[in-house]
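Here subunit A shows up in two complexes: once beside subunit B, once beside subunit C.
Moving on, here comes the complex of A and B:
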């Protein structure tokens, strides 16, 4: 056991890589049961019917994208299937580029830009910008990212304030995140249905807002995306990644157990010497 | 006057936003003023980003001119900054112009071909830190550490689908940890921070704290 204490960490890394890679090559098909907060988020988003406007705020950076972007993909896929109007905005600079790429992707699949999907762009100013946007959308974004006046876009018809969106989803890796949206939007417009979509590390700090009813639901990290895909009956990239995540978790648990056994063995030996 | 005028402006703006938030129905004329103020906030933030970029250029140009240690990092930063700024502006300002096709592809490459994979790689390296920490640092050295360890193990097993495959009890216990002790603890932190924010807000509005003029 003591030899474990001196084990070169590169062996740990190699074993971890191997265990994560295997299910990506040969999926195990471990069943996935959605958690209550994801079910609530799914139901809130499902409330949007054909023609309803849904706002997704892509407040994330590239560094957190592997954990959060599959959520954006899954939600938009479902909304497009239902015929909702998808409006994308960003209060984090890099989020706007993700939005632009998504709009292009859906255009290539036959959806019409300006009617089915719109990208408003990025506004700096964090909470001040979110508040200004919620109170008067056109004042912050008189034109979309392609230079079209938003008053001329069919997707933006009837949208003046945050109140006019059927559902708002904030996809965040930090600040601004659901807490900022609650402060600036949910407090001013209590009737707004706000869903918090966060990276895994933000999950624990976001859940109190679900219990308090300020968030209609919450999706946490890649697993949140996988659960949403299961609920929407559209398994995609997030579900495919879940087996690898499961195996990664198992390895980490194994390392914790082995590390503690080695630690206890060393301590016992030291105790017997004393 | 150099201090008094900014203090007066900050206090008036702050109180105006507060008054509008609490008494919009009684004082509807404040809405237009606050809307304008908030839109100015967005514009000022945009200028602040520009100012930060100019500042960054000055600092790193000085490093390069003086050949300070690691000056080539500053050079790399400036080259990357110029390339992404120019190609990014063209990408947004001239989305269809034929002359700008090369710059647009450069922007797409910089974002999708360079920034995204680099960001993902940085994020992925976390797993190795976690693996190393799990093996070497996450130890039951005391009763408190053992409780934390137990809760962490249950949360880990509950968060991955495999936990449910091992036993139905893992997701149930994990959800309970997330829903009860976690929410209770986080709620206390959120409410404590909110009370602190109210106190800090009043100190700034009354001019006791003045971070916007150098924190004097």
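Moving on, here comes the complex of A and C:
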């Protein structure tokens, strides 16, 4: 056991990479059961029908994208299938680039920019910008990222305030996140259906808002995306990643157990010497 | 071609960052890190300035909406702190920002304080509700530092401490899960978009 204390940590990294890599190449098919808060989020988003406008705020950075971007992809895929209008916005600078890339991707798949999907762009100012946006969309974004006046875009027809969106999803890696959206949007428009989409680390701090009814539902990290894909019956990259994630967790649990055993063995030896 | 170049650049930068795991702090890692910081900063500045032009400058010069001049001048005054002798000018917009931040946060009294307290007033008819109510109450008791340490208070406080430990454990578990998710996503990018080994 003491040898473990001296083990080169690079062996641990290598083992972890291998254990995660193998299920990605050859999936194991471990069953996945959606959790209640994801089901609530799914149902809230499903409430949007053909022609309804859904706002997705991509408030995330590149560093957290592997954990949260699959959620965006899964939600947009479902909304496009249903014929909803997807409006993308960002209150974190790097989020705007993801939105621009997604719009291009869906254009390449035959969807019409300005009608099916719109990118409003990035607005600096965090909470102040969210508050202003919620009260008057056109004041913060008179034009979209391509320079079109939003009053001329079919996708923006009838959208004046946050109240006019059927559902709002905030996809966040930090601040601003669901807490800021609740403060600035739910207080002004309590009837707005707001879904919190967060990275895994933010899960525990976001769930109380679901329990209190301030969020219509919550999707947490890559697993949240996988659960959404299962519920939407559109398995994609998030579902494919779940086996690897489960194996990674098992490996971490094994490391924690071995680490503690090695620590206890060392402490006992030191105790017996004393 | 552009897409391929983008993918290769991202893949090589990812591998460069990963060298830290096996070679520690090295030149390749530092290069990738510095490039990332520089690109992110440059991107942020470009986006923020174009937003200021779109929302403030354009309506001002094309529609004569001169009201935007006030926030623009206040914004420029922030930079006065870098000019010796004129640093005091930055205090006015800073005071404005502090006031704005404080007033926006005031809404938290309704959303984070009152609404969360209301959410813990529940009928004790399910196990979850009992755990939630007792957990919240006992954690609050744990933070009562000015109450005489009666054995009952000590007992509730200890229970509160264990509730806190469970919450920290859940938070740590989520942190680990989050890191694994990030790594899985990165490997998916390398295997799918770069090497085309998975579908």
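As a convention for this text, the second predicted complex is superposed on the first by the 274 of 274 C-alpha atoms of A that agree within 3 Å, B and C clash if a C-alpha of one lies under 4 Å from a C-alpha of the other, contacts with A are read in each partner's own complex, and residues count from 1 in each chain.
Here is the rule we go by: a residue touches a chain if its C-beta (ideal position, glycine included) is under 8 Å from a C-beta of that chain, and two chains touch if they have at least 3 such contacts.
Small disclaimer: the values here were computed from a predicted structure and weren't measured.
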Query: Between subunit B (first) and subunit C (second), which, if any, makes contact with A:240: first, second, both or neither?
result: second
- request: Identify the partner contact of A:64: answer first if only subunit B is touched, second if only subunit C is, both if each is, neither if none is.
  value: both
Partner chain(s) touched by A:259 [first = subunit B, second = subunit C, both, neither]: first
Message: Output check: A:22 vs subunit B and subunit C. Expected answer is one of first, second, both, neither. What do you get?
response: neither
- request: Please work out whether A:32 is in contact with subunit B alone, subunit C alone, both, or neither, and reply first, second, both or neither.
  value: first
Message: Taking the superposition on A as described, I'd like to know which of subunit B and subunit C A:204 touches: first, second, both or neither.
response: both
- request: Give one of first, second, both or neither to describe whether A:140 is in contact with subunit B, with subunit C, with both, or with none.
  value: both
Message: One more residue to check, A:249. First (subunit B), second (subunit C), both or neither?
response: both
- prompt: Hey, what residues of subunit A end up touching subunit B and subunit C alike?
  reply: 13, 20, 61-67, 94, 97, 123-124, 128, 131, 140, 179, 200, 203-204, 208, 211-212, 223, 245, 248-249, 252
- prompt: Which of the residues in subunit C end up touching subunit A in this complex?
  reply: 21-22, 40, 43-44, 47-48, 51-52, 54-55, 59, 100-101, 104-105, 107-108, 110-112, 115-116, 118-119, 132, 167, 170-171, 174-178, 180-189, 191-192, 197-198
Field: Residue numbers on subunit B that touch subunit A, as the complex places them
entry: 21, 31, 34-35, 38-39, 41-42, 44-46, 48-49, 92, 95, 111-112, 115-116, 118-120, 122-124, 127-128, 130-132, 134-141, 149, 152-153, 156-157, 159-165, 171, 175, 178-179, 182-183, 186-187, 189-190
- request: Would you tell me which residues of subunit A are touching subunit C in their complex?
  value: 10, 13-14, 17, 20-21, 24-25, 61-67, 69-70, 93-94, 96-97, 121-124, 127-128, 131, 140, 142-143, 179, 182-184, 186-187, 199-201, 203-204, 208, 211-214, 220-223, 237, 240-241, 244-245, 248-249, 252
Message: Which residues of subunit A touch subunit B once you look at their complex with the stated criterion?
response: 7, 9, 12-13, 16, 20, 30-33, 35-36, 61-67, 94, 97, 101, 123-126, 128-129, 131-132, 135-136, 139-140, 145-147, 179, 188, 200, 203-205, 207-208, 211-212, 223, 242-243, 245-253, 255-256, 258-260, 263
